[in-house]
Amino acid sequence: MLEVNVALKVGSFQLEVAFQNQKTFTALFGQSGSGKSLTLNLISGLIRPNEGFIRLDGVTFVDINEGIFEPMHRRRVGVVFQDSNLFPHMSVRQNLLFGRWFAPKGDRRIDFDQVIEVLGIGKLLKRPPSRLSGGERQRVAIGRALLSCPRLLLFDEPMAALDMERKLEILPLIERIRDEFRVPMVYVSHAIEEVVRLADLIVVIDAGKVKAIGGPGEVFSAASAQSEEARFDRSSVLTVRVAGENARYGLTELKHSSGVIWLGGAAGPAGSEARVIIKATDVVLANEPAHRTSVRSVLQGKVLSIHDSGPFAMVEIALAGDNHLFAAATRQAVDELGLQKGCDVFALIKTAALDEAKIAPAHVS
Amino acid sequence: MLEVNVALKVGSFQLEVAFQNQKTFTALFGQSGSGKSLTLNLISGLIRPNEGFIRLDGVTFVDINEGIFEPMHRRRVGVVFQDSNLFPHMSVRQNLLFGRWFAPKGDRRIDFDQVIEVLGIGKLLKRPPSRLSGGERQRVAIGRALLSCPRLLLFDEPMAALDMERKLEILPLIERIRDEFRVPMVYVSHAIEEVVRLADLIVVIDAGKVKAIGGPGEVFSAASAQSEEARFDRSSVLTVRVAGENARYGLTELKHSSGVIWLGGAAGPAGSEARVIIKATDVVLANEPAHRTSVRSVLQGKVLSIHDSGPFAMVEIALAGDNHLFAAATRQAVDELGLQKGCDVFALIKTAALDEAKIAPAHVS
Amino acid sequence: MFHLNAAEWTAIWLSLRIAIVATLISLPFGIAAAYALARGRFPGKSLLNGIIHLPLVLPPVVTGFLLLMLLGRRGALGPFLASIGIVLSFRWTGAAVACAVMGFPLMVRAMRLSFEAVDRRLELAAGTLGASGPWRFFLVSLPLAFPGIIVGSILAFAKALGEFGATITFVSNIPGETQTISAAIYTYTQVPGGDESALRLTIVAIVIALAALFASEIFQKMGEKRIASLE
Amino acid sequence: MFHLNAAEWTAIWLSLRIAIVATLISLPFGIAAAYALARGRFPGKSLLNGIIHLPLVLPPVVTGFLLLMLLGRRGALGPFLASIGIVLSFRWTGAAVACAVMGFPLMVRAMRLSFEAVDRRLELAAGTLGASGPWRFFLVSLPLAFPGIIVGSILAFAKALGEFGATITFVSNIPGETQTISAAIYTYTQVPGGDESALRLTIVAIVIALAALFASEIFQKMGEKRIASLE
Amino acid sequence: PAFAEQPLATAPGAAATKGPVIFAAASMKTALDAVAAAWTAKTGKATSISYAASPVLAKQIEQGAPADIFVSADLQWMDYLDKAKLIRPGTRHNLLGNTLVLIEPADGKTELKIEPGFDLAGAVGSGKLAVCTITSCPGGIYAKEALEKLGIFAALEPKLAQADNIRNALALVARGEAPFGIVYLTDAKAEPKVRVVGTFPEGSHSPIIYPVAIVADSKNKDAAHFVAYLSSQEATKILTGQGFKILTK
């Protein structure tokens, strides 16, 4: 369990962050300058809070009241920094092996070859960091932190400089480390959907204060809608059950009490729970299930609220099982479909628009 | 006109890039390590090519054959670096005004107050760069380059560290600079749709070589599909004509010879041309125009090809007027709709899924 | 108990003046040489480097003789200097020149180290913003090398306080004109029973040096504070 | 024409040995002091800084006398050192100690400058990877301060070659034991007709110093090459 | 002569060649090196001579330096050691004498007779009179005495350029830096770029004496032999050739 409850003042900036996470993956969101990096620095021990405490699985990292301050090298907290901070006098290989050397032998659980393969840095091992491109540097930095086999891994927007392809490759690695080696993680990102599927707890920070906190289901929609404008950032999280497979077409049927969602690829064993993230702009509204289109996934619900914003409206739909689904549509469409609070409505979801990388097995609490 | 035709060898990496752009905005795409930053460094004069030349509007920056090498400070090429490279000994204000000081008086066209307002850095002016968060640093770096009022602006993934909200604010500023002040730009990014709407020319670099080159219409779909897997990165560009407005609902009707697309917000005066980017995953396929759904935009075309990939298929549709549209669907849907090469098909596009920020007036050639 | 006579006060003031002037006159040359060695690529760079180090390697007496042969009244450059009104021999100005020469290698080395540590990308960034070489130097490299400039200056200043071998050889030991604290201390050590006076002046020299050091540290910290980083 | 007699060869070898040993023995102390001054926060830091600078500020003769009174056979620490088998007075080892002391401020200043220029974030990154203070020092700070270590060493070495004031005062000028090139040059300048011999030895000193400088530059470049950046 | 009465500790050519360690004033180098070479040729024994300023050497002997013989450039530092009982009783004697002269650059033609009240200040004019330090350096102390005796010190004091040793004062004149200087005859003779204007009368200053003595702690058996040799005929010939006066016969 990670417990953070700290206050810090730097210059005129006041940070007050408190959260605790029983499970392993905490996501930290917030605008530029909101205090995310400062929070990570407090956890890793780079800076000392003015007040409060930080604990991980019963180990106290810092507790101002009790006068405890564990120095960073004894915390065994791996950090992937916003700037890669590679050692310029060492080759990529030496950089990667640096932390490993300090890890107790029994803890060297993460395999060197596997990491360099997944990160695609096998060809760079002999280079000095100065001869790497921006993205290459960041990949090496991720590898270095992973290979130190830490008790807790902190990521400070590690993928900002990576292309989509690399991101899609690295995310599963991060997930695997979390699951196979049970390394707890705190992950800072701007791109809210980047890791929300992995997160057990989402902490939204705004101007140094916690603005929202909770599981993805509770917080994500709110967190994703930081700006009224950004209908593209508004998403919903649905908890579903894996019902079966269509082996011929490689599809998985996900059952929700309000309907069915078809997913490309596998999502876990039949009967298991999973979590699906659906962007509001990917939902098509209709008065009846679709005919003769490529859309296969249909959920039925009741309109809970409609918020207009310029030419668009954000329609909140109550599904069975206390799940909410957001759908973005033009005001015109809302009018033509005659949608009003309380109306029945069908939500059509394109399977191809569902990112299977954003479907995660829900954790057993 | 920007003309680039250079070769460079660093270490074991061989770069050969040639393109020329009559218009003002060149976008450079490619994977991490493909040579994008090196290309920018050649243009800005930070490094010297082994062979070739670079010219801007008749001014030769470098020409190895003729022995010309204009030093960087005389090129007046502003650069926003991947690392912000702010001057640590100067305040944010001093950093911002640095380049301005060197610009000839008559060229100081870009307004200081406007830039700091748009970049949201008014409160930071007195700080040293070391007290800025990662995103704040990058915003200041953008401001610094803009305010030097350059003849050519180079961006090396300047927005990787910015949150979506800031990006959405900054893109229009970049567009305005391009249009109002007619500053030509070369923009490097991983996020291919980030600036494609602004681009006149797209150059796709792969392992140091130009892999594709051309206008957004020709190149973008190819460029966007660098990876077979990444159906999310596949988009199409359609050239449309602004037909009229629906003032009541704030929508604009865009006419394409194959149908109609409704857009939220304005896209230019009636009769003008515009460019729309449509993600393959946002297209719903149907055998007939949709009924009773929220989808209002329908294009009719003929299936040109179908490429299977796992559970999904990428359907390429020939529209009237030589435009191609890509649609991602499950193989199951393709089968159920009975799609085959040559079939007639309807493409339904959700207006709410169309990013109005990605619609650009097409340039008059 | 701790009484300094008038001659000693004179020597102290003279020392201060000579050390300050020596530091100031060598400053521009030191900065230029350090920057050239740190960033420049030119033929004869190694030679320049070697020449700058000579006063460090040679016994001060030799340096003094060389100065005499170069800048003395009948030296190679002396008559020319005299014709433009610069007379160094037997003047405190000559002492300042001798101290400057002796401190020069120390000054240049420290400054060069700082110039080499300046992130070249910042200079390049300044270049893309339109700053030509000299502007880049004055607006970026020089301020960023500030710690080295301070350290180089303090080393030169301290050396000037302690120097007497080259000075006494070049301009001899004229009370009130060229007799510095160091020369006075030296003289006391050469007289039986002079130890106490030597010790007294030694303490004065130490106090001056400590004050200068302290000032330089404060100066440097002020500079650093501006560049201070939280991390 | 350019013939060196046996005594002169002896002085040359002795100088080299003394300069090398002086540099090597002061190296660990110099590094420790430089790092402590660059990064440490402890009471008495200013005092330490001041003491280290003293040999620069004081006339070498004074430093030599202080060494004599401290480490000489009848000095404060001399008998103790003798009891553990270390005899410095009037031995070449004493000359090495004198040279080490005289070069120490130069060495420490250069190294300190380099330690201060090490990006603290890299040390912190090493800390998060599990490296404790000493490991961070040896694996990160020290290698990154390499240019300063080299520069500090070369300054100390050059100073040791040129030093004679403190040396001759502390361990006298005994041929074959404590007479270095510098002392020999000095002696030649003290007698009529010695100028030619002095000049010859001066040239030798210059050659040695240039060779050392050259070696250090190459050494430093090798280090830099590893860290070379395209930009 | 005394030399004959001093037996050598070991026979000439014997294996033990570690001869006496001599601490001598730096200005003696040329002369003493020649004498030592002659002694070595004769006895087969090497000497080791450390040349430095007399005060430095005296203080080193005080601190237990391994010196056997001390040759001082003046009496005061020998007295200093004598008082501290650091020299072997009975071994001290005045070895050499020297003469004080007024010099000018070799191309000068000044005619000046050195007598009480002579117008040296006028001759020096706006230039400087090079001497060595008048408070500490023996040559300087003698020069001051002489100038005082001749009654012209007050006029010359502001015109003194004090070098830290005689050689340096000589160099200032030789380089034309100073129009006049006061140095020892031995130095003036060895420097072709200066010419002697005149010699200071013997009575104008206390006698210039280089005393020699064996150090109290000396265990070297040959020290006495070497000291005696300094007064031998061979040595005398060498020393007078350098311009020294021999004080002990």
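Residue numbering begins at 1 within each chain, and the chains themselves are lettered A, B, C, D and E in the order written.
In the analysis below, contacts are C-beta pairs under 8 Å (C-beta built on N, C-alpha and C of every residue); 3 or more make two chains touch, one makes a residue touch a chain.
Which protein is which chain? UniProt says A, B = Molybdate transport system ATP-binding protein; C, D = Molybdenum transport system permease.
A quick note: this is a predicted structure, and the numbers were derived from the prediction, not measured.
S.K.: Counting hops between chains that touch, how far apart are chain A and chain D?
M.R.: Counted as steps through touching chains, the separation is 1.
S.K.: Enumerate, in label order, the chains that touch chain B and chain D alike.
M.R.: Expected: A, C.
S.K.: If you average the CA coordinates per chain, which chain's centre is most distant from that of chain B?
M.R.: It is E.
S.K.: Counting C-beta pairs in contact, which chain pair ranks first?
M.R.: So the chains sharing the most C-beta contacts are A-B.
S.K.: Same residues or different residues: which describes how chain C and chain D meet, taking over half shared numbers as same?
M.R.: Same-residue interface.
S.K.: Taking mean CA positions as centres, which chain lies farthest from chain A?
M.R.: Farthest chain from chain A, going by C-alpha centroids: E.
S.K.: Determine the centre-to-centre distance between chain C and chain E, using the mean Cα coordinates as centres, and give it in whole Å.
M.R.: Centre separation, chain C to chain E: 36 Å.
S.K.: Between chain A and chain E, what is the gap in Å from one C-alpha centre to the other?
M.R.: That gives a centre separation of 91 Å.
S.K.: Chain C to chain D: how many Å between their CA centres?
M.R.: Comparing mean C-alpha positions, chain D is 19 Å from chain C.
S.K.: For chain B, write out the residues touching at least two other chains, lowest number first.
M.R.: As it turns out, chain B has residues touching two or more other chains at 10, 46, 83, 131.
S.K.: Touching at least two other chains at once: which residues of chain C meet that condition?
M.R.: As it turns out, chain C has residues touching two or more other chains at 61, 65, 121, 124, 164, 183, 186, 189, 229-231.
S.K.: Considering chain E alone, which of its residues make contact with at least two other chains?
M.R.: Correct list: empty.
S.K.: Under the stated contact criterion, what part of chain D meets chain A in this complex?
M.R.: Within the complex, chain D touches chain A at residues 119, 121-122, 124-133, 135-136, 139-140, 143-144, 146, 226-230.
S.K.: Which of the residues in chain A end up touching chain B in this complex?
M.R.: 10-11, 31-33, 36-37, 82-83, 127, 131-136, 139, 156-157, 160-166, 168, 190-191, 226-227, 229-233, 246, 248-251, 262, 264-265, 280-282, 284-288, 290-296, 310-312, 327-335, 337, 348, 350-353, 355
S.K.: Within their complex, state which residues of chain D touch chain E.
M.R.: 61, 64-65, 68-69, 72-75, 89-90, 168-169, 172-179, 186-194
S.K.: Residues of chain E touching chain C in their complex?
M.R.: 53, 55, 76-77, 79-80, 128, 130, 133, 135-137, 160-164, 168-169, 171-172, 175-178
S.K.: Quick check: in the complex, which residue numbers of chain C touch chain D?
M.R.: Contact set of chain C toward chain D: 46, 49-50, 53-62, 65, 105-106, 109-110, 112-114, 116-117, 120-121, 124, 147-148, 151, 155, 158-159, 161-162, 164-165, 182-183, 185-186, 189, 198, 202, 205-206, 208-210, 213-214, 217, 229, 231.
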